[in-house]
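Labels run A, B, C, D, E and F following the written order; every chain starts at residue 1.
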Amino acid sequence: MAEDKRSFRPVSGNVMPRFAGIATFMRLPHVEDWTDVEIGLIGVPWDGGTTNRAGARHGPRQIRDQSTLMRNVHHVSRIQPFEAANCADLGDVPVNPIDLFETLKRVEEFYGKVKAAGILPITAGGDHLISLPIMRAIAKDAPVGMVHFDAHNDTWDRYFGDHHYTHGTPFRRAIEDGVLDPKRTIQIGIRGSLYGEQDYEWGIEQGIRMVTIEELYDLGIDAVIAEARAIAGDGPTYISFDVDGLDPVYAPGTGTPEIGGFTTHEAQKMIRGLQGLNIVGADVVEVSPPFDPSGMTALVGATMMYEILCVMADNLAKRR
Amino acid sequence: MAEDKRSFRPVSGNVMPRFAGIATFMRLPHVEDWTDVEIGLIGVPWDGGTTNRAGARHGPRQIRDQSTLMRNVHHVSRIQPFEAANCADLGDVPVNPIDLFETLKRVEEFYGKVKAAGILPITAGGDHLISLPIMRAIAKDAPVGMVHFDAHNDTWDRYFGDHHYTHGTPFRRAIEDGVLDPKRTIQIGIRGSLYGEQDYEWGIEQGIRMVTIEELYDLGIDAVIAEARAIAGDGPTYISFDVDGLDPVYAPGTGTPEIGGFTTHEAQKMIRGLQGLNIVGADVVEVSPPFDPSGMTALVGATMMYEILCVMADNLAKRR
Amino acid sequence: MAEDKRSFRPVSGNVMPRFAGIATFMRLPHVEDWTDVEIGLIGVPWDGGTTNRAGARHGPRQIRDQSTLMRNVHHVSRIQPFEAANCADLGDVPVNPIDLFETLKRVEEFYGKVKAAGILPITAGGDHLISLPIMRAIAKDAPVGMVHFDAHNDTWDRYFGDHHYTHGTPFRRAIEDGVLDPKRTIQIGIRGSLYGEQDYEWGIEQGIRMVTIEELYDLGIDAVIAEARAIAGDGPTYISFDVDGLDPVYAPGTGTPEIGGFTTHEAQKMIRGLQGLNIVGADVVEVSPPFDPSGMTALVGATMMYEILCVMADNLAKRR
Amino acid sequence: MAEDKRSFRPVSGNVMPRFAGIATFMRLPHVEDWTDVEIGLIGVPWDGGTTNRAGARHGPRQIRDQSTLMRNVHHVSRIQPFEAANCADLGDVPVNPIDLFETLKRVEEFYGKVKAAGILPITAGGDHLISLPIMRAIAKDAPVGMVHFDAHNDTWDRYFGDHHYTHGTPFRRAIEDGVLDPKRTIQIGIRGSLYGEQDYEWGIEQGIRMVTIEELYDLGIDAVIAEARAIAGDGPTYISFDVDGLDPVYAPGTGTPEIGGFTTHEAQKMIRGLQGLNIVGADVVEVSPPFDPSGMTALVGATMMYEILCVMADNLAKRR
Amino acid sequence: MAEDKRSFRPVSGNVMPRFAGIATFMRLPHVEDWTDVEIGLIGVPWDGGTTNRAGARHGPRQIRDQSTLMRNVHHVSRIQPFEAANCADLGDVPVNPIDLFETLKRVEEFYGKVKAAGILPITAGGDHLISLPIMRAIAKDAPVGMVHFDAHNDTWDRYFGDHHYTHGTPFRRAIEDGVLDPKRTIQIGIRGSLYGEQDYEWGIEQGIRMVTIEELYDLGIDAVIAEARAIAGDGPTYISFDVDGLDPVYAPGTGTPEIGGFTTHEAQKMIRGLQGLNIVGADVVEVSPPFDPSGMTALVGATMMYEILCVMADNLAKRR
Amino acid sequence: MAEDKRSFRPVSGNVMPRFAGIATFMRLPHVEDWTDVEIGLIGVPWDGGTTNRAGARHGPRQIRDQSTLMRNVHHVSRIQPFEAANCADLGDVPVNPIDLFETLKRVEEFYGKVKAAGILPITAGGDHLISLPIMRAIAKDAPVGMVHFDAHNDTWDRYFGDHHYTHGTPFRRAIEDGVLDPKRTIQIGIRGSLYGEQDYEWGIEQGIRMVTIEELYDLGIDAVIAEARAIAGDGPTYISFDVDGLDPVYAPGTGTPEIGGFTTHEAQKMIRGLQGLNIVGADVVEVSPPFDPSGMTALVGATMMYEILCVMADNLAKRR
């Protein structure tokens, strides 16, 4: 496979400056033939589940742009993700900006093909509702566990009366559908005023371990990550990283900012702490470029994708 | 009614600075009791029909903010709209950000009540699809004519296969529904590359008079407005002002900018030229604050609402 | 009073989206009849005491806008402020942008009425000079203590020769006037280069406890808050929160930024630590929207108001 | 004087790049010894008369920054202002940000010295109230005529009851003081909704020629400038250029934007049309950098100062 | 060739939303095999010749992003460029950000291959110096004429003593090299203060027709375009469009803005007026995204490329 | 020297408001006669070594602007730098924006004169390559040690094949030239993905102590500073502060942001910890204003210069 891998290497910054060239995820080839791809970077440019400030539909393009700053070797773990696994940009899912149900279906179908091709997906959202159809596709045989970074637990039930699908409901739906195992799920960074006292209850009753930002700081990063590892165990696990889990100074470009979150440095440390888990997919969601013209939120999103990629690629290499 | 009118006067800038106080449209009272209101300023904060860059959901709030700069007397016509008619802020329609069809229904119902109360509405959008349910409500008895300022004719048929309702289709639907009379309709400022050669054809076949930006400059503002007056005639007429009809330098905060449009000065002149027509409603749509943090697009939108208000209030006063 | 309270509830985000509707503080009713109001949210849109970058006059409007994100239940304390007390938006004080002394008088008069109505005020500034006339009104019978978050101690004496009233002098004037008790006052987060060595001396001589940012980190948040509680004691206490106490990354929209401040998370923890004190009023000042088009500084200001509101409402409920 | 002039030449862009070096007006020397200076460029960084959005206090610094793009020869008239006259940066007037009356006095005193030194001033504001103390100084012996570019006529009488000094009143005060001759005054570009019908009346009654933007376009630039020249005649004349006379797309960074104004190209043509008049002073006011982070409004302001400078320097050279 | 053409069609906005997918020029395929390509869209992301504000190196990426708004049919000429010619994105030239001479060589080599492949290039810059190596490649056999839109004539000789290559010198060098025929060259929109009186002379002496912005408005667009057509004649002609020829309100994102330029509408009209000329290449340069976070300058650049593309593709189709 | 010092005092904020006056570093006099100057503040407005996002050429001007907020006394150490040493603004080095080698020479020559005048320089960059010619000048007799704050170690060897001079290579060149002693060098805050595994090796082999951000947090600020003091020892030491060592939320205006850095508070603490070292020069580099229109990055840069100035001035005073 050595030769195949060459065809999946990023364009070097010594051949084409990093700000130049057509922007693909991490300067990887954009492939239409998925053969030999092991980890696929995918965009889901959709925000139709957003109840407050839309804009995450523009996330994948700006994340691609900023991701061209990513280089070959992780400076702490020394993982070389593009050597460890065949990585490629699979393009965007052809979503429909004005139809929620059609888009849920289109995303699920796309990821059904990704799964069928044996590819592990890392997704750039899009709003958080997109995690639902991804899980429906990749966990249709067996539920996944989840390490979930977020300010919100996203297990609300309904909106505006009887609407079941928004970016605040994906994980209740996923649990109901049997594609997410609440007992193997941990949510980290939860905070912000609540609609009602019951906002946290349902998830906890299902068995989710919910760690508020206050508890995160009281217990410490290391203890929480140890707990996350124990909860996820050996089973297939999904990482869902909502950038609003970060303090909004790190991610102003998002739809529902909540002040008082964790730092990027802490997030990086937490993701690195997941090395060795059986990560079968991941997403970085709620990057909303119109609310951050500087592009820094997208750089944060791209770097989080890179951190996750290193963990996943290393895992693949070690299991090979 | 003199005393009633006092209760509808804007807050004076000599009592409360213009940047101060709770922002309502033009500093008018926000009323829940609609008795005696003659012209209602209404927000429809919704952008679910947007196929490109969303954000018009935030339009009404920022337009209210900027509209606090509007003063009592029109400097050219000397119309005093708040003396000429009882004007009030009727608040926003309670739209559903994630459900297109429910929102179409909610908007139509709201404007049904507005019509029933004998109020002429001036609406701040929202994307252009909102014109459809407004027309369905206020023209349900008899179709309206329309003077339509826009870069796009918004008479496309379908999107993404078989979707009939986007911000590119409202006027085809309105004509099909019999609430818009194409023969009493003129579209001004049309431009921009086309999906296909047939983009312009359907509307023209229905009898719409379509004036591209090139034709507008070749004929001259005065001639086009004369033609608009002749087309609209004496019948009930609607003004729909999409801010993307303006050159994007005047309205960068919009979803589908097309360079090479008309100026605000030209727009003001055109609206003033409609004085005396039987205007039964109007909207200013596609102000998308996330794409213009300066607020200037919203100031343009607010001033266009003021220009329209003067024409409508003067008409009301003269027919009294 | 249960029924009265209903009339003071915020508009629900399930009835009207949070970005929609006329923006009042926390979506509460804007009332002109103050009967039954227990806690009043008030804007003082004035920055005439600003010696560097003006703009805080625009603070109240943008804070109102961002405060529509606040929900019903505090996620840590589980306080439900809108159930615990009757809260309402009392509008803005009608300040005069070009006259400092007239404005000091107008603000004092307004808060005199607030006090007479038995309402506890939480104010959105405006620059820091506004704390002076507020204190003159609410502490005219007995001086208040103060927990003061800021980068600057604001006890300078004069400016440009012989000018006594700027946003750098309010607390020297308040102590001289006998409305602020320096022995019951603590200032937290003080930092930044000084005009002269004596900048800190006067306040300390009066008995103020001044905690620099360095001392805050050396002692720890918990110890400083314990000290604040001891200093404030049982007497009537005022909270004054200048957003420039925060590091400027959390509050770039302010007039006199000083790098190296505390975080929003730390600020939230400190305010929560004041639960149980006899808070009789509070302000959040120096939010200057022109220097932060993103609105994030205003979101921080709104959330700090919410944190303070929870403490105050809980106190009211418990003393009832 | 040839040798003196050498010392007043701008730094060349071939010696120090234009973005480099300490920013003075047009890269001229900043002199404390005013001997031999003929035209002085001066900043008045003050906005205490502003009733809406403050920020013009930051105008002079950003105008200096942008003015470093000005080069030696006017491309149309071929005037070489720095050869035609000794031009220098006289620095800023030491205004007091919190005291209106003291500042009026400080500005008048400063310009008294400028006049005493035989220097013709070109001022970068600051809000429009600063024109009053400048006129009081330079026209104390004989009133000046004025060519005034603006959206507002700035001849209001009072504000908030009985306040006589705001950026909306300078020219009524100047006429009352006998330092401005209304019969030798023309105002160009006036527009925007009015407080009341009488807003325009007082000035017209005094003999001011007021040209609305509509009249400007109806008559044409050439005719209006011809009229301006006839009105100003041979007497000492002041040019006051408020950037809000321009359409806000050219000058978004201003305090009271009014849509529908003239273009920079038209403004340049109008200023060039004043060549040969006896211009004894000029100002460019209401550049408010916080409302235009791009700096383009300041570039416009700097270029207008350059256009005026060419006219004034040429006049000096020809009268020598 | 019909089948080949299919492979070069843009992605449809009804299959993938316009904000989605990997951004190539006008959503065309990015091809490495240049066979059958007739018109190549190319980026030269380089600004090492910039003497003032750099940033044009980021132009090609943002122009690609905005160019995804371009549709299939020109609304005035009804040209369908993607049907008329095989168009493709050829990617970026691999420039060296820190080496001017190496980059000149790399660009010339790249365009040498483009020419050898029989492809007509339309280039997105980059600063204006890039026109020189492009001309050296495509005009090495016979000099081209040029229709040049710009505020500056770019025929300066030297900079900082003895430096011959900056973005202010390309066309003097091109004339000296014999790749640009000055007698078949017209420059339109020239303005701005000059370094010296001789700035315009050299070019005029060579035979260049230089039209200042003042002359453009005096003669009228139609007359100038007629003259341009006569000057260019039947020979091979290059279009060079520097966005600073536009007024900076249309193109704030550029390195050397000069106020008082032409509008986008006028530019579109002028480009359309070149239909039928023998255009052998074109560039749109000086789009500098860091100075326009809104992306509107890049949209203008992309639309100008589209206007030029239509003219070139039509010409190709008609000569076939 | 007491009288001389008076002439070098900053303009007081009680005489001229801080936003007013011509912007020099910390409001110090801009002197052409360097006699008696002990510490010189110098700008090097150049970014020709930048491989990614340029813009640091604009750093000195915006840092000057923001530095006018600096006051007389350090609030922790109580050092009064302007009393402790004669400090002045020496202006900018006349760099050539388009010629790397000429600029290296010009900078070295300028600092040769600075050294000859016995002045200790504190430099505002510019990109990081400028540290090389500065060191070549001030350390030509004996190598300096260095305390280096940065995300990158800047000891790469080559770029784009065989290019030796970029902002990623200055310290390898300085070591090779014998002007930097690697054994007396510590680098703090290093992080970010690497080109290759060898990126860190060369420097470590030379004897540099490299502290990644992870190690900084593991060891703690105090321990790392103690180590820095031990490494630097008594010899002449240079401080190089690249603002990208900070987390990008504190310094978004920079060319190569890397998330997950240290805070400004931590940076201040580290610089203060260097008090007593024999600091012979310092720079603050990579402030790139086009990427932070708010100016906050420049305020951070200016404050870091002030922190360093206090340490250097105190040292001078104590050794006197």
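Just so we're on the same page, a contact is a pair of C-beta atoms (placed from the backbone, for glycine too) under 8 Å apart; a residue touches a chain by one contact, two chains touch by 3 or more.
As the structure is a prediction and not an experimental result, all values here were calculated from the model.
**Q** What are the chains that chain A and chain D both touch?
**A** B, C, E, F
**Q** Would you kindly give the rotation angle relating chain B to chain E, two copies of one sequence, based on a CA superposition and rounded to a multiple of 5 degrees?
**A** The rotation relating chain B to chain E comes to 120 degrees.
**Q** Between E-F and A-C, which chain pair is linked by more C-beta pairs in contact?
**A** Most contacts of the two pairs: A-C.
**Q** Taking each chain's centre as the mean of its CA atoms, how far is chain B from chain C in angstrom?
**A** Roughly 40 Å separates the two chain centres.
**Q** Per the centroid of Cα atoms for each chain, what is the distance between chain B and chain F, given in Å?
**A** For chain B versus chain F, the centre distance works out to 55 Å.
**Q** Mind pulling the chain D residues that touch 2 or more other chains?
**A** Residue numbers touching two or more other chains: 15, 17, 19, 51-53, 57-58, 96-97, 159-160, 249, 291, 293-294.
**Q** For this structure, give each pair of chains that are touching.
**A** Applying the touch rule to all chain pairs gives A-B, A-C, A-E, A-F, B-C, B-D, B-E, C-D, C-F, D-E, D-F, E-F.
**Q** Going by the contact rule at the top, pick out the chain A residues touching chain C in the complex.
**A** It comes out as residues 51-53, 159-161, 190-197, 199-200, 212-214, 217, 247-249, 252, 256-257, 259-261, 291-292.
**Q** In their complex, what parts of chain C are in touch with chain A?
**A** Answer in residue numbers: 13-15, 17-19, 69-76, 78, 80, 249-250, 263-265, 268-269, 294, 296, 299-300, 303, 306.
**Q** Can you tell me which positions in chain B touch chain C when the two form their complex?
**A** 15-17, 19-24, 30, 43, 45, 57-58, 60-61, 64-65, 89, 91-92, 94-97, 293-294
**Q** With touch defined as at the start, can you tell me which chain E residues reach chain F in the complex?
**A** Interface residues on chain E, with respect to chain F: 47-55, 57-58, 96-100, 102, 159-160, 163, 165-166, 290-291, 293.
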